[in-house]
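The two complexes that follow have chain A in common; it is paired with chain B in the first and with chain C in the second.
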Partner chain A sequence: MDLLFIFEWLDTSMLADFSKSYAGLFAIVQTFHIASMVMLVGMILLGDLRMLNVLLREVPSQKVIDNTGKWIKIALVTIVLSGVYEASAIAMKLYFNTFYWAKMAGLAMGLAYMYLIRNPIYRRAELSGLEPGGAIAAEAVQPWVVKMVAVTSLVIWFTVSASGRWIGFS
Partner chain B sequence: MLNEWLYQFASWLDTFESSTNLHESLYMYGWVESTHVLTLTVFLGMLLVIDLRLLGVGFKNIPASTLVDRLDKPMMLGFIVMIISGVLLFYAIPVRSTQSIFFRVKVILLIAAGINAMIIRRMTRQRPLTWDYDPSPPKKVRVGAGLSLTFWLCVIAAGRMMAYDWWDCHKEMPHFMYWAAGCVNELAAFEQ
Partner chain C sequence: MNNKTFGMVAAGISAIILSGWAVFWTLQVMSAIDLIQLANAPPM
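What follows is the complex of A and B.
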């Protein structure tokens, strides 16, 4: 499906008039976009490194994952809002930018992966007693599966961050 | 005096072929900058977790000392690679960076953030921490954590704004800005 019409609409919207007119505000929004990316990747990194048994081994993994959840949601909302604002200023340029689509594909994959695979497997791993203090459940998740899930998560999110940076170079 | 010295140093760095090669390389500069951003997420991501705990707004059910002790290594690892990649980025474009008002603001903010970090470190390295399990740490610790997040947000902003040429030396701007940005040639033209 060709999404060109969305970008054409965004390019001529009131938001675009505003974002193209105030360069200083655009730079401030970019700052919040980067800061929220730091928050998102930082929280995911903490959870994944905990599941890899690299960090915070003495803290139950459920506690770590639960604590990061709220901040991941805050970061995602800020990323999307600031991202739409940024995109409105250069909508047509972005439509023809390969790295932009790589980033969007990575973001969509990252979100689907986090909510459909990563989080359910982490929760099941906690319940299956792989982690200290976890109760024994019927369906155990093998430790190597948990580790693979964590490594894949890290690769996806670092790819999203890096491709975001490369939008500026292409 | 300092502006002249910095300009001479940057001009000297600019004479190196490797500096020009790095700046003009098709992929290497992009990779160095990507590394800078990725390690920023590692360093600041870990710092954010610590600061949110010290502010008393997140990770309240985990002892503060555990986060401070355990996240220190990955945080410092990210910091070291971030600094190395940052030095390389400066090396690639030494003169423009030296004469960028935003780069100068960024360096000042980095120093301020560093001093603040040392003060926080002194407050959080005492063992045992009397407030280790308190959801909300003492006020001075919360103020330190708040300052830390503010400084780093401003560092990101200054780093981001370095890409813009609003206050570059070739632009027409007030005398004070030429001095603040270290535009030695433009300042000399003013004095003639």
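What follows is the complex of A and C.
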């Protein structure tokens, strides 16, 4: 499906008039966009490194995942709102930029992976990992699966961040 | 879906993503090496 019409509409919208006219406001919105991205990736990094047993080892992993989860949602909403505002100023340029689409594809994949694979695996690992006696339950999620999921999550979000940064160079 | 089955599904999907990522970056590095070699090649 060709999405060009959306970008053409955005390029001529009132929002675009506004974002193209006020450079100072654009810079402020961009600050929020970048800060939210740092928060998003930072929170994901915390959860993944906890599951890799690199940091916060004394804190139950479910606590880390739950606490970072709400900040991930706040960051995502801010990223999308500020992102649409920023995109309106350079809509046509973005449409023809390969790295913009790499970033969007990575973002979609990252979100799908986080909510369909990563979070359920972490929740199952925490809930079923240990029997009262401390032994790993027979039907538990295997520790190597949890670690593989953590590494995959890190790889996806690194790629999204790198693609986003690369838009500025291309 | 029980934990073991879901874990295997998750591992399979992760393996596909990781191998795709590895292939992509290998091709990128190979293409960068080609470009560097072209840039340093003697004039024809």
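Note that in this section the second predicted complex is superposed on the first by the 160 of 170 C-alpha atoms of A that agree within 3 Å, B and C clash if a C-alpha of one lies under 4 Å from a C-alpha of the other, contacts with A are read in each partner's own complex, and residues count from 1 in each chain.
In this section, contacts are C-beta pairs under 8 Å (C-beta built on N, C-alpha and C of every residue); 3 or more make two chains touch, one makes a residue touch a chain.
All figures in this text were calculated on a predicted structure; none of them were measured in a lab.
J.: Kindly classify A:62 by the partners it touches after superposition: chain B alone (first), chain C alone (second), both, or neither?
T.: After superposition on chain A, A:62 lies in contact with neither partner.
J.: Touch test for A:142: chain B only (first), chain C only (second), both, or neither?
T.: The answer is second: A:142 touches chain C but not chain B.
J.: Is A:70 contacted by the first partner chain B, the second partner chain C, both or neither?
T.: First partner only, chain B.
J.: According to the stated criteria, A:97 is in contact with first (chain B), second (chain C), both, or neither; which is it?
T.: neither
J.: Per the contact definition in the header, classify A:156: touching chain B only (first), chain C only (second), both, or neither.
T.: Only chain C is touched by A:156; chain B is not.
J.: Taking the superposition as given, does A:113 touch the first partner, chain B, the second, chain C, both, or neither?
T.: second
J.: If you count the residues of chain A that each partner touches, which comes out higher, chain B or chain C?
T.: B
J.: Considering only the touch criterion stated at the top, classify A:53 as touching first (chain B), second (chain C), both, or neither.
T.: So A:53 meets neither chain B nor chain C here.
J.: Identify the residues of chain A that lie in both the chain B contact region and the chain C contact region.
T.: Chain A residues touching both partners: none found.
J.: If we count contacts the way the header does, which residues on chain C are in touch with chain A in the complex?
T.: For this pair, the touching residues of chain C are 2-4, 6-8, 10-11, 13-15, 17-18, 21.
J.: Using the touch definition from the top, list the residues of chain B that touch chain A in their complex.
T.: For this pair, the touching residues of chain B are 30, 33-34, 37-38, 40-42, 44-46, 48-49, 52, 58-59, 61-62, 66-67, 70-71, 74, 153, 156-157, 160-161, 163-164, 166.
J.: Which bits of chain A are touching chain C when the two form their complex?
T.: 109, 113, 117, 120-121, 124, 128, 139-142, 144-145, 148-149, 151-152, 155-156, 159
J.: Would you tell me which residues of chain A are touching chain B in their complex?
T.: That would be residues 23, 27-28, 30-31, 34-35, 37-39, 41-43, 45-46, 49, 55-56, 58-59, 63-64, 67, 70-71, 158, 161-162, 165-166, 168-169 of chain A.
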